[in-house]
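Note that the chains are named A, B, C and D in the order they appear, and that numbering of residues resets to 1 at the start of each chain.
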Amino acid sequence: MKLAMIGLGKMGGNMTRRLLKHGIEVVGFDFNEDTVNQISLTNGMIPATSVEDAVAKLSGEPQKIVWLMLPSGEITENQIKDLVPLLNKGDIIVDGGNSNYKHSQRRGAWLAEQGIHFIDCGTSGGIWGLENGYCLMYGGAKEAADIIAPIAKALTHEDRGWAHVGPVGSGHFTKMIHNGIEYGMMQAFAEGLDLLKGKEEFGLDLAQITELWRHGSVVRSWLLDLTAEALAHDQELATIVPYVADSGEGRWTVVEAVDQGVAAPVLTVALQARFRSQDSKGYSYKLLSLMRNAFGGHAVKTK
Amino acid sequence: MKLAMIGLGKMGGNMTRRLLKHGIEVVGFDFNEDTVNQISLTNGMIPATSVEDAVAKLSGEPQKIVWLMLPSGEITENQIKDLVPLLNKGDIIVDGGNSNYKHSQRRGAWLAEQGIHFIDCGTSGGIWGLENGYCLMYGGAKEAADIIAPIAKALTHEDRGWAHVGPVGSGHFTKMIHNGIEYGMMQAFAEGLDLLKGKEEFGLDLAQITELWRHGSVVRSWLLDLTAEALAHDQELATIVPYVADSGEGRWTVVEAVDQGVAAPVLTVALQARFRSQDSKGYSYKLLSLMRNAFGGHAVKTK
Amino acid sequence: MKLAMIGLGKMGGNMTRRLLKHGIEVVGFDFNEDTVNQISLTNGMIPATSVEDAVAKLSGEPQKIVWLMLPSGEITENQIKDLVPLLNKGDIIVDGGNSNYKHSQRRGAWLAEQGIHFIDCGTSGGIWGLENGYCLMYGGAKEAADIIAPIAKALTHEDRGWAHVGPVGSGHFTKMIHNGIEYGMMQAFAEGLDLLKGKEEFGLDLAQITELWRHGSVVRSWLLDLTAEALAHDQELATIVPYVADSGEGRWTVVEAVDQGVAAPVLTVALQARFRSQDSKGYSYKLLSLMRNAFGGHAVKTK
Amino acid sequence: MKLAMIGLGKMGGNMTRRLLKHGIEVVGFDFNEDTVNQISLTNGMIPATSVEDAVAKLSGEPQKIVWLMLPSGEITENQIKDLVPLLNKGDIIVDGGNSNYKHSQRRGAWLAEQGIHFIDCGTSGGIWGLENGYCLMYGGAKEAADIIAPIAKALTHEDRGWAHVGPVGSGHFTKMIHNGIEYGMMQAFAEGLDLLKGKEEFGLDLAQITELWRHGSVVRSWLLDLTAEALAHDQELATIVPYVADSGEGRWTVVEAVDQGVAAPVLTVALQARFRSQDSKGYSYKLLSLMRNAFGGHAVKTK
């Protein structure tokens, strides 16, 4: 089994290492030449000097499989367009990144017109996937899904943690919802721990409590495992800036809920908490302060 | 008609002025002697040098009416206790401040044991009540409610805007819910205006739009009137600190909703927005940032 | 001044009546022939038998003004396309319906290529606009905006309540946010009144309280005026089905907030409350019940 | 080691079984005599015919340890009061139920005056604790905490999952927050799965996806394990009534957040979702429907 991996960042690089370890041949390309060289030397990846070169090095395979691990949006869009002339009917493009599922549906339909298979593969597991195995959920035609199954097996723990969930689009849709849930869980822990910390009279030790909860409690989870480990080193977090980035998938989940007309309050307010953390101006707060002054004469704090 | 007004701040002072203008005699006391002197000189209030003196100056009235406009909590609690020895059976204490309705229920029951009437009176209208009339909602025994009716009439616009809504406690309860709604309305405007401002490509003029909405739109309201006027002077709000205080009533409304087992999401998130504005540490955001780093290797911003 | 009004429903019909009353000539068309005839007979509208006929009856005007009051989406889209061949350079199409502002931007750009002006006009005021005047907020080129100003004046109360707020798209954008705020205000009142009703021990009279609040309180507003009037007739609402429809604008506002990365929790949960009212299956509740059973052995209610 | 267990329901019964299996002697009492007999016969518990009898059967122990697993509120309150005359200075009462931490603080202070130790012990693990071990978090004096440590070890898996977290009250406080987080996690999963189900075009198999996520994904957790197992049997849930009960701890967590002035939106809306499921009247929805009719003439659905 042999595939080309395009994009060798935090995710693509580790996936390549895991595949090589499990006996899958990988031709790898990244714009960062050092990364290509390093993984080649250390892990035995076949280096490519360009996407064209990577595809060329798949010649002889019954179907060429090109696996993209790229930033979603234009970079992925352009890469797919550029790949088409290099591929033949029956070849397979896998988008393992965090693309919007509607884009994947559109891309899948367009590639189908060219006779090229498209698999949209949601990939979870973060930086721990190399060691623990990834979780893969993918959409696409059964024919193509069957072909990439051995790769999925190699990427996951004991051949579990992967599934062909439905037609093109359903893989990234399922991953999007997964991330929405992740936002909700993270926010639930953050709020709870904030309240524990806020109860100063008890002087609670968050490292102790999160470690404790890992054993037998209802909230035990992988997120808790990681949180406990992190808090064991430092629970004051004095040097961390209270800013939380958000990725597309949290946003798309909320838009999906609106499209479906479904109330998803936890997923929504979890996203909004991050928006709050990103808001350095506080214009809405200023407006509230202004209104309080206007009707009640309450003092406005000024700089 | 004659009453004693204890507390001559923003609310009590203006209410006194309005009562005097409408031919009600007011004996006024405040710890701030200057305030007492000023309202006496300018508006004809009978000055008192102490609460005892104020009550003494009601002698000869069929029932003494003592109207408290004090900060809620201990100050109101202690004042009520201190008043009891000065009053006779059938006299009336009105708490026109923003007390918790459960406290008012307790105080009313205790005062009833002493033979003293208690009226819990929610007062809305802010600094504009002097000119426009206040809105009064009060609870208590019908007998006492009837006695203070002429005072309520004088405080409100064209004898509207006051009502005896139910038993002791119901006045402050109704005011509490009123303020909960107020929080929700304010937050709705703040969010909407924030989104208008955020759409930079349109270069919208918030002063123009809020003024516009005052005429014929579904959102026309007194809060909008005040907001439009304030934004006419300045819509950048560059010098305002994005900090919004909250008073007890917003919090009690949320606790009431929990007690009733009723979902009140707008009233709740409106309160939480203010909490966010008050949170200078952002510990929950730091935790989220920590978790993202722990599972995904995402960079943490540090100071 | 003369214009064609296409769509004579609740909004378009009353707007036509108001325009006629203020001396503006209106050629009116609707698929409902009876409506056309009735407004012609009663109010002096010039009837048209088709859109073509309506446009033809504007011949001689320096610019033809065609005002659409149609359901948003495909109907408006198709009508605009069908109008183009009937119009000349410099003519004006006004979309007074509740279109998505992004669609208006697209339509405006396309019409500009044909030399036709496009005005996107948000219209608030509901069924009361005939009597009280509407609130109009519109976007488009200054040249076109100036031309329709006399019509805007006639539609609004004392020539207030209208404004040219910015470029094409900004009118419907402003109206979208207006409706988002409206959702928040309505939900704030609904929650507050629900809590008043829920406090059974006080036996509160919601008709009394809402009427009371209209005079001098901070929450006084047109929505409160209407609510008080409705509750005066019936506050048990026994025959009303607890189902609340939502229109596109509430949804688009939430999506806009996500696009801007702005927390708009009140506008969001107000929309979600309506989604809840529409959800007859309760699948998420069933899942929660299932989980409680799975970890805690808590009984699941079954049909 | 020997203790008395009062209350042998789902939690107390299984805890007793686990203690006996680990060589701790347990004198057990429950109002349900059959339960007492059954656990005695099957597991070797020492049966008691009353609380007095249970305490009597601890005579000879250096300190009597009485462990309560009772419904919170009055039942626990009264049991503690009734126990005091039966105990001596230095004896220990453990409340392992879900009591409000403020009540535990009060009870602890009162018992300290009598010379009796009080341990408030939050207990997580549900019906799986017998097999997997419980998670115990308790507050109280170090002296008493040390004495019960061997019991805690027996109740937990491999001597992990228990901790003395702080002074009296901190155990139930920590458990309260734990349950708040649990509400948030459950709601996150419920919303996400609801959205997966709602995307009908993909025909997703929720049993497959939840099973899949258990392996390598970021959301892997014990709640997910149980949910996947339950959905494997049935994912239509046709016979489940969409009603979700809530216990005191979810409510107390929201009140705690209000008391601290901390925004905890996920924990709050998760609770409110349950309130929605319990609301059979929908009065707030009716009010919204009424308002829409009042300003916009929108039809109201009636029964």
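Criterion: a contact is a pair of C-beta atoms (placed from the backbone, for glycine too) under 8 Å apart; a residue touches a chain by one contact, two chains touch by 3 or more.
Quick caveat: nothing in here was measured; it's all calculated off a predicted structure.
Participant: So chain C and chain D: same face meeting same face, with over half the numbers shared, or different?
Facilitator: same
Participant: Measuring between Cα centroids, what's the chain most distant from chain C?
Facilitator: Of all the other chains, the one whose centre lies farthest from chain C is D.
Participant: Need the CA-centroid distance for the pair chain A / chain C, whole Å please.
Facilitator: A distance of 39 Å separates the two centres.
Participant: Between chain C and chain D, what is the gap in Å from one C-alpha centre to the other?
Facilitator: 48
Participant: How big is the gap, in whole Å, between where the Cα atoms of chain B centre and where those of chain C centre?
Facilitator: 34
Participant: By residue number and range, which residues of chain D touch two or more other chains?
Facilitator: Each of 126, 187, 189, 191, 194, 198, 218, 222-223, 262-265, 269, 272-273, 276, 284, 295-296 in chain D touches at least two other chains.
Participant: Which residues of chain C touch chain A in their complex?
Facilitator: 218, 246, 251, 254-255, 258-259, 261-265, 268-269, 271-273, 275-276, 278-279, 284, 295-296
Participant: Using the touch definition from the top, list the residues of chain B that touch chain C in their complex.
Facilitator: Checking each residue of chain B against chain C gives 124-126, 129, 132-135, 137, 139, 156-158, 160-163, 165-167, 169-170, 173-174, 177-185, 187-189, 191-192, 194-196, 198-199, 202-205, 208-209, 212-224, 253, 256-257, 260, 262-267, 269-270, 272-273.
Participant: Can you name the residues of chain A that touch chain B in the complex?
Facilitator: Touching chain B from chain A are residues 10, 126-128, 186-187, 189-191, 193-194, 197-198, 222-223, 226-227, 229-231, 237-245, 265, 269, 273-274, 276-277, 281-298, 300-303.
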